[in-house]
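To keep things simple, chains are lettered A, B, C and D as they appear, and every chain counts its residues starting from 1.
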Amino acid sequence: MSYTLPELMVTAAAREVADGEVVFVGMRLPLLGFLLAKSTHAPEAVGIYELGIVRDTLAPEPILTMGDLPNLYRARWLADTADMMGLLQQGQVDVSFIGGAQIDRFGNLNTSYIGGAENVTTRLPGSGGACDLASLAQRHIIIMNHQKRRFVPQVDYITSPGYGTGTGWRRKVGLPRGGPTTVITTMGVLQFDPQSREMILVSVHPGISQETVQDNTGWPLQIAEELTQTPKPTENELAMLRRFDPQRYWTGP
Amino acid sequence: MPVSRLLPLSEAIDRFVPDGSSIALGLAQETLIPFAAGHELIRQKKRRLTLIGPISDILFDQIIGAGCVHKIRAAWVGNVITGSCYNFRRAVESGSLEMEDHSNLTLAMALRAGAMGVPFMPARTALGSDLFKTNTNLKTMTCPFSSDQLTAVAALRPDVAIVHLQRADIYGNAHAWGNLGLIRDACLASRHIIITAEEIVEPDVISRDPNRVITPGYRVNAVAHAPWGGHPSPVPGFYNRDHQGFIDYRTESKTQETFLDWRKRWVDSVHSWQDYTKLLGKKRMAQLALTHHDFSESVDYGY
Amino acid sequence: MPVSRLLPLSEAIDRFVPDGSSIALGLAQETLIPFAAGHELIRQKKRRLTLIGPISDILFDQIIGAGCVHKIRAAWVGNVITGSCYNFRRAVESGSLEMEDHSNLTLAMALRAGAMGVPFMPARTALGSDLFKTNTNLKTMTCPFSSDQLTAVAALRPDVAIVHLQRADIYGNAHAWGNLGLIRDACLASRHIIITAEEIVEPDVISRDPNRVITPGYRVNAVAHAPWGGHPSPVPGFYNRDHQGFIDYRTESKTQETFLDWRKRWVDSVHSWQDYTKLLGKKRMAQLALTHHDFSESVDYGY
Amino acid sequence: MSYTLPELMVTAAAREVADGEVVFVGMRLPLLGFLLAKSTHAPEAVGIYELGIVRDTLAPEPILTMGDLPNLYRARWLADTADMMGLLQQGQVDVSFIGGAQIDRFGNLNTSYIGGAENVTTRLPGSGGACDLASLAQRHIIIMNHQKRRFVPQVDYITSPGYGTGTGWRRKVGLPRGGPTTVITTMGVLQFDPQSREMILVSVHPGISQETVQDNTGWPLQIAEELTQTPKPTENELAMLRRFDPQRYWTGP
């Protein structure tokens, strides 16, 4: 069964969720990743949405944003943003997903100012909850377009902290836990060296070479000893995913 | 008896939102966005406003595009299903708009500090981020008990909170349901409150369920009847999200010229909610109508 | 599907309240006091407990009198309509009970800090008072922005919150209505949650109104069916306050001997909610029944 | 019409509420004082109750505690204690009423430890919300039994701060506003000198002499130049009051 690149990425994201985990669900692709995990290998996963929703069942109809009414229908809890942030800040969120416009080798993300705040060339939408998820979830997964202008040695502005300048940085600045564990890009999947906290390419998507990934990365990229190919979506995963995004709004070619 | 606070939307905005006001709005993120009230700010050519809200989902962009805004205090300004917003980008990139960058958590804490009547609230987020560079209302501090490093978030007390919700009585008592975002905290924190409501109901509809009340009515300054006043955002119990409205807006706001066309059509030509629903059209309203109802069980507040 | 969390009250207390636990209970002040669960603590001879709550209204006194309590963290321990409570007085005056003095506001902030996941919360209350002498979890501090003098209140994270409320499903999803006091914050702040409910209902009764849910069910450890489990405190929708119960308790608890008689009759001889309602008697239950009903209007959570 | 001493006191308390004011209502006599004010000269007063109630109408039946179900019926708002405390801490409460077991000349109240925390002879119930109301309302009114052992030069423990050691103390310790304005006792009514912040007897109840008040006060009491008699309850006030406390639980002889 043929699949699109976003479908491959969402599938890879979904597989990061273990059954029973509490997931802080972000907008766009992460939303689909959670739904896919929930409907396949992680039926007991619980979703927390920053606008004030907790739900542990699938929405009865496809949704494009977390505020779509089917996502409120028979939710486990509808409440305040501060309540959701309390659960996050306490450390009760196992995993979260965020996107980014610019990333560096230590997983710091910029979704605010290209060029930096002083000499802004492109103003991006900003943090939303991303800074909070990157600061406070037990771990977070990043979903990105893999382009050289996005994968830079040092981001122009840290919207969402990764590992800062490397080992020990999060503890030093006072972050209580967490850090990025996986970056799912349009070209492959990257993880972080447990010692140096630098990004390592661990798998490439079908049809993408290690060299292409390096060409699209703005620093000399570390490669895992056993570089693998990102697993393709299964038929079941694709069928589910297309149920959640029937018009292929997010996952079209 | 208390006096009626029911006003036409235009009068509510005229009386309680002077130029230079700081306004909290769009507080539940994707749902219950007060578009009708925001458009009235544009029609009345308000100036030097400060807009406060978590993610805004195009409403901030519209008010910025109309030249009403001096400063934004927000976590995210964009179009949730299409990405960046153009008026916002143009304004920041040209240096005409002041920006105070928050995360959703720091904004929630800023309004909660205002609501609680304390000058700041501690948080564990954003440490090591550059939000501290573009937001002087964030400071690092040390916990007086644990000596943990923390982020102190200064309290925000908006001049006015503008809230769109489902039903209100003429005295300012109102019910909202669905995800509530920062609505409750922002109402407590704000000096004035304007409510726009899908329905104006008899007072007992509200008072028979005081747990669903959003803030005590005596603190509300104006109530305006605004059916479809949240469109294109979804309003639980009333209509679904009009995704096409958000998708269209991306194109409509791409240049200053197209934005002006959008504004003429959707804002300047509209003088009442009746005008707006006429423009929207029966077919589109029917497409957005709820098709699956799901009613809450009643509870008894008797004695 | 999630697994059922429905347990007999005795098993819920046995499994989730080991000796030495810190327990938040009586969180809505005069209403919804979990007397049935408190009496089960007594029957199971729990020891070295820390009780946390704003004002307690005789339940703390009962648990203290039974020798279960090592420490109290509260703003007020007494009998709201008669005044002082005798077991509490005896225990403090003899030096056998440790006391951490709060005000209602500092206790609310301690639990809210726990709920929010921050190590403290600032407040403007209690400055100049002697609460600082008998509560090391209060410290004066200076605001990092305004340089105002403030009270820093250290976070409280109880081992378990015990909450009595109106209706729950077997999975821990539950509705409460009426004044909510510190219930929501305490549930978020606590490591475990035990719910006792007047009614166990079908899951859809709860899920058709997610705004009335008190805390997400996946965080609840046990649900016990406990009709009249709040008596003699009032439970909105179910029964009025039994004033006579509180008035009688004043005499019943005056000496250690009379308290023992009270305990035999109302606690030790009771092994189920059926026993308790039998003891209470149909006539008294009828006197406390609601005579004026007042039902909330439904709302639609459809799409 | 004959009246009891508690009725006189509640009436005096009720008169302290101006129409339209926001009143933070405490338990016992203050509860009645608010109801009486509301039903006579202050129909637009709004009541805030710490357990999470805001109401601006009378309860439909007599109540003994603020949590009685008639006090919840058709309330304007039922919410969290933290919400009520937020309104109080912001300064949105005009007036509050508290009781006390021990008071000193500067209006500091002890409702915690007779003998002090170190050498406690009598443990009292504690602050409840009293410390907060004394700290944060725009002004507060105190209702007390007038006895020498209760009116002491210095309280053994400050549960609820008055004017501390006198002029400027509240500002010095960081309290943002407020202070006691009136003390209604079983013998008279006292206010505070605007300069020294010391208590001054301004009226005596019918049948009570200035000397009796002094004999029951533990320090040389200041007397107002124009000492008056506390006004008796009117027939209307008594009729109302007896409607709220029909069994004379709080206001019996």
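We take it that contacts are C-beta pairs under 8 Å (C-beta built on N, C-alpha and C of every residue); 3 or more make two chains touch, one makes a residue touch a chain.
All of these numbers come straight from a predicted model, not from anything done at the bench.
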item	value
Pair with more cross-chain C-beta pairs in contact, given A-B and A-C	A-B
Rounded Å distance, chain A centre to chain B centre (Cα mean)	27
Inter-chain centre distance, chain B versus chain D - centres from mean C-alpha coordinates, in Å	40
Centre distance in Å when chain A and chain D are each reduced to the mean of their C-alpha atoms	57
Where chain C touches two or more other chains, by residue	117-118, 123-124, 148, 150, 177-178, 180, 184, 208, 211, 236, 240, 290, 292, 294, 301-303
Sites on chain D at which at least two other chains make contact	60, 68-69, 72-74, 78-79, 82, 85, 88-89, 136
Topology of the chain contact graph, where touching chains are joined (line, ring, star, complete, other)	other
Touching pairs among all chains present in the structure	A-B, A-C, B-C, B-D, C-D
In the complex with chain B, residue positions of chain A that touch it	27-28, 49-53, 60, 64-69, 72-74, 78-82, 85, 88-89, 112-113, 117, 120-132, 135-136, 157-161, 164, 169-170, 173-176, 249
Sites on chain C touched by chain B in the complex	117-124, 137, 139, 141, 143-146, 148, 150, 152, 154, 166, 175, 177-178, 180, 205, 208-209, 211-212, 236-237, 240, 290-303
Residue numbers on chain C that touch chain D, as the complex places them	28-31, 54-55, 74-78, 80-81, 83-85, 88-89, 92-93, 99, 101-105, 108-109, 112, 123-131, 133-134, 140, 148-150, 177-185, 233-234, 236, 240-241, 243, 290, 292, 294
Contacting residues of chain A [partner chain C, same complex]	22, 44, 46, 54, 56, 60-61, 68-70, 72-79, 82-83, 85-91, 136
List of chain C residues in touch with chain A within their complex	2, 115-118, 173, 184, 188, 204, 207-208, 210-211, 213, 215-218, 301-303
